[in-house]
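Let me begin by handing over the structure; questions about it come next.
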Amino acid sequence: MFDFIKDMLRQAFISKKKEYYLWLGFLVFLIGLGAISYFKQYTTGLIVTNLRDQVSWGFYIANFTFLVGVAAAAVMLVIPAYIYHFKPIKEIVLFGEMVAISAIVMCIMLVMIDMGKPLYAWHIMWTPNWPQSMLVWDVIVLNGYLMINVAAVSYVLYKLAHNEEYSMKVMWPIVLLSIPWAISIHTVTAFLYNGLVSRPFWNASIIAPRFIASALCSGPALMLLIFQIARKVSRVDISDVAIFKIAELVAYTMAFNLYLYAAELFKEFYSASLHMAPMEYLFYGLHGHDNLVPFTWMALFFNLTAFIVFLIPKTRRHFPTLNLACILVIVGVYIEKGMGLIFPGFIPGSLGEIYPYMPNAEEIKITIGVWACGALLYTLMFKTAIPIYLGDLRMKTPKLEQIRK
Amino acid sequence: MSEPIEGHLVHGAIWTIKELYTYPNEYLYWTVHIVIYPFLTGLVAGAFVLSSLYHVFGKNELRPVSKFALVFSLALLIMAPTPLLFHLTKPWRALNTMLTPHFYSAISAFIFVYLTYMSIVVAEVWFVFRPFIVQQAREKTGYLGLLYKVLTLGSYDVSERALALDHKISKILAAVGIPAAALLHGYVGFIFGSVKTVPLWKTPLMPFIFLMSAVISGLAICIATYIAVMTFKKTYICLTTVRSMGKTLTLFLIIAFLLESLDIVFHAYTAEEFWAILSEIIFHRFSVNILVLQWGLGMIVPLVLLLIPNAGLIRSFVASCLVVFGVFMMRWDVVIGGQSMSRSLAGFMKFKMPILPTSIDAFREGLIVVIFLLVMPFVLLYVFNKVLPVFRDIFTEEECEIHTKEISRKEAHT
Amino acid sequence: MSLSRRDFLRMGFLAVCGTVIPLGSLEILKPEAMASLVHPYSKRKRWAYVVDTTKCVGCGMCVKACKLENEIPFNADVQRTWVERYVQLNSGEVIIDSPRGARYGYTSNDPQGRAVEQDEIAKGFFVPKLCNHCEKPSCVQVCPVGATYATPDGVVLVDRKWCIGCGYCITNCPYFARFFHPVVNTADKCTFCYHRITKGLNPACVQACPFGVRKFGKLNDPDSEVFKIINTERVAVLKPEFGNEPHVFYIGLDHIVR
Amino acid sequence: MDRRKFIKSMAVGAAATAVPLNQSDASFFDTFFQKYYREMTKEEKEEVVQRLEAEYKAKYGKDIKVGTEEHIPGVLFGYALDLSRCIGCRRCVYACVTENNQSRNPQIHYIQVLRFRRGTSEGEHWIAGASGVSNLEESVKYYDPPLVPQEEHFYMPVQCQQCENPPCVKACPTQATYKTRDGIVVVDYNWCIGCRYCMAACPYDARKLNWAEPYIPKEQINPVTHYLGNRPRMKGCVEKCFFCIQRVRAKERRYPACVEICPVGARKFGNLLDPSSEIRYIMAHERVFRLKEELNTSPKFFYFFSI
């Protein structure tokens, strides 16, 4: 067992390729940059960011929201893999779950970074304001989802390391739990925002389905890119069929997402109550403040273009266009759900003040650091899992030894 | 106008009972017809989606119901706007919506969305049944023959190439029809969602909620009608077809259930000013309607029935009927329940449906008309069935077995 | 034959497009247009109304005058203007009533038929209501045929000859100022007595009020009483959160007013 | 061994490595493991107060008293503000700052005075003060004329509305903010984790975060404080108006600082449960309104126009 762990670690950190070390070094460099900025923020206070009382949540929470979506998107692989037994996807669901793990870890990091007194975060466990506070719910469901995915990945890897077929008896409960759980991390995160009467922009029940729909677009799109890179840099075989199937699913979810988006936009502009101001700010600018306007239109344009590319089978099955569409939809959803959702919640503020928030360099550096952490985690996990997955690395059990002899 | 009329009854006063403080002008102005109208429109959308499942998504086991679902959706579609005509106090002015449409109004868009959708459905029906029509036009004589000849629209080409083209076109139409159905019904939801004064309605989720409940009601009524007609005709029913429909129904039922509960949970959590009166409606005044009939009988019971494996004909039939009933109750609760809360948030209104047609108003909004509206689609289906072979294209036992095997092979293959 | 079919198809396609395109006309993308926003009125003539609730005694003369002037059957339980009574008890409970829209006035001291002792009452007052003639009227927004419309001077009117009677406007009015006219059977509402104000007269209710509760005038006319009140006193409107921008301004509005 | 000590011994090792060295003295661990105020016994409260007083003494060189007065039975505090009297002088804002030891750099103000244009003159937008306060977007917070009140304007101070149904309390994940029995919503600054969910939840913009280490000049510090009120705060915690809890709960029953300072007597304060109190008189005799009534927060802060 000890040897096996040693082997795993060796697999993770040792490679014949120089590029691998370069990649690791690059990530560590980014993490270092972020860490320096975070140290500054930790010692001086959140004043180093552009956040103020008027806009108290910003770039960190925007990234958090986007990443929750990425995490939940593992379910897009789990459903076809385990419920519909679609074989090509079943083979890669493991790597999808790893994306979920990295995303959740990044989410937790971002929330901790966003706190004014992160050291005292243990108070949540001591006197949780449960069930009233949605933040407590969010802590529970995010950690739960992390555990579910860690359990699923480690069980499958464990069985693979023993050269055994995993048993569906063990997987079923995990799968059955993970599907509603993935939906729930989204619903709860949506409620985190839409439960607030003070923020009319968020205060609509459509936020939850929209969250789910947009998550199911951006997450799989990100996975599509990761899988393509993965099969380039490693020997792992990810079939085109699986990729095209995921792309097809993205087309459906994008249709959903756009439908819901249209419903919300139409409703908001149509009702034209005083609560329309944030929408106006997003799309047309408010009282001369229009720093989000180009982003909003860009996101809309990206989403629509990507939808068309995903919808047409010809472009969907053509890798250059597919990849372009993936990037478009990721950027589109990142804007729409990150800054497009979090910032206007505070603009105009509860007393009508407009504080045109944009993240400053420190925030961006810290966030890049967090993304680099996630990428590093994924790289290491992937690098460790590959030899087990391909059968190069096996645990030395008596039974296996016998077989080998 | 001359002398004021003693005790003149105002529109709405016959069926409205006021409680506590409501505004003096407040009556239930939208009643049963606004219940039936989205209900029928929803059935259309659902039935059309069912037929598209075969035409677009290649669910071959649904072939026996695809034509029936298509024709049924046409029958329902024809009836869909009639409740609106009964509802209008000036029905003969309905054409005004086309003469001077005011596009910011959700209702004015109806006629256009409706016509678009109608043209899609009619065109698809024509393409699907064209070989049959051509054959009949060549064989039949007399009035019926003339009818078929008119129906061919002068096109007698039934060569292989033409038929392949037909098939392709009907597939495209079916595919276009899905977003059109989503638009049609989403827009019906929007009629309610855009009314900002009614707390129960004013959610941007309304189009989506309506769309999902529309799909489940349409699927369910097709299942129920199909089973009923086939049993009545003593024809063999392929269980695989029924189960496949049941599976789709289950999926949409779950989504619909989640969406509806999501909205209620949302209101309960945010607890804005109107939640006091809304919770009074949900948990007291309409508790039987909403909690027992709409959610319990209409969603949870059928969901359980459908989720238990190996559903038979009777179980599917019962579950489908319950779903249709549940969706009807949902429309009822949304329309009547939503308006029962006074806009003053300090009073309630009760709806008492006029049974006997004691006056014109009582007749128009009364029970007789309601029954007429709900029966008419089936009558139309009967008429269509006389002209077109709606139920003829069914599986024999061998075919059924082939499809059953194919499906089980698909599952085993993975 | 196949040629004819292709033609038929093309015709059908064109017909479909033709019906869909007006829907998607680009104007709909503009929020102002969608919200039936009329141009800002900075310099234009605009009627407005002021109600001083601190003076109202609930005599109901305004309701009576309105009914007679505008030929709404007197005994029909719908009215263009009405008066509400608010009674707040010491316990904080609020009792609201408006018997027959107060067209006979308030003759008894029992709100909603409840006997309330004098020393139980913390506060009591009357609030006259009428159509608010909003700048962004939600009734105009939803009328499918454009039968209800806002005049350039800000009065919202109904065309009885064109109304189809769908009731959408009634449902969408936050103030429930609209109703079906019992005789004509179309949507009906307060017109600010348009037939009078265009001749330089005051609306009937303003004329009838013996206590000077109701005031009427042009918003941007420095000589009008309405202008003076709005610019010097603290006025409020009903249900501002709907964003309708109502133009009936109230003096002395309490938070218990619905 | 009680759970506090147990946790402490368990976590000391782990925390010691995580904490920057210059902070890792004994008082840091006392602060780190300090209990939730509502869970403290009387003795523990005394212990904590002593420690805090020692800390403040070291920091500000003054004897600062940290009170822990409980609520007075039969009292529910309410506030009323006469908008026709307010002249927008902002004396209340600065009285509040000095009384409640708010950070001077970065500045924290509990009270924000909004200026509205009165009437409809030149108004492109409909509201322009016509309905008073419904469209807060029309207001200006940063105004600086040589003399107030300005012509054609009126003012509306906004601070914590001490809701009966506070959204911030509902949102707080740690229960660090809660409503006391006399109706004041308070924050246990030591228990707050600075997640700012309450700031997002508050419809009145009443909550403020200490974005950096608060700075109070030594000579300006107010030595009479309350644990839940105006004791000096730390970096990263959220604070808000608490009706000057150190004054209103004191034996002398003083008015909050803003009420005391107001030169025009626009601010009224009192016990809502006492029928003879000034606030009850106003509630009965004036037409009052509350900010954002439709959100059902039911504030205990009433606005009215006396003329």
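Some notes on this structure:
Chains: A, B, C and D, in written order; residue numbering restarts at 1 for each.
In this text, a residue touches a chain if its C-beta (ideal position, glycine included) is under 8 Å from a C-beta of that chain, and two chains touch if they have at least 3 such contacts.
These numbers were taken from a predicted model, which means no experiment stands behind them.
Between chain A and chain C, the least number of touching-chain steps is 1. Of the two chain pairs considered here, A-D and B-D, the higher C-beta contact count falls to A-D.
Separating the CA-averaged centres of chain A and chain B is a span of 38 Å.
Distance from the chain B centre to the chain D centre is 55 Å, each centre being the mean of its Cα atoms.
One finds 41 Å separating the Cα centroids of chain C and chain D.
Across the assembly, chain A contributes residues 134, 195-197, 270-271, 273-274 that each touch 2 or more other chains. In chain C, 34-35, 141, 240-242 are the positions where the chain touches two or more neighbouring chains simultaneously. Counting partner chains per residue, chain D shows two or more touched chains at residues 134-135, 293-296. Under the stated contact rule, the graph of chain-to-chain touches is complete, every pair of chains being in contact. Contacts from chain A toward chain C in the complex involve residues 269-276, 279-280, 283-284. The touching residues of chain C, when paired with chain A in their complex, are 31, 34-35, 37, 136, 141, 240-243. Chain contact summary for the complex, chain D toward chain B: residues 165, 293-296.
Chain B contributes residues 1, 4-13, 20-21, 23-27, 29-30, 84, 87-91, 93-94, 96-97, 99-110, 112-113, 115-116, 119-120, 123, 153-157, 162, 165, 169, 191, 194-198, 339, 343-346 to its touches with chain C in the complex. Residue ranges on chain C touching chain D, taken from their complex, read 40-42, 53-54, 90, 122-123, 125, 135, 219-220, 227, 230-237, 240-241, 245, 249, 252-255.
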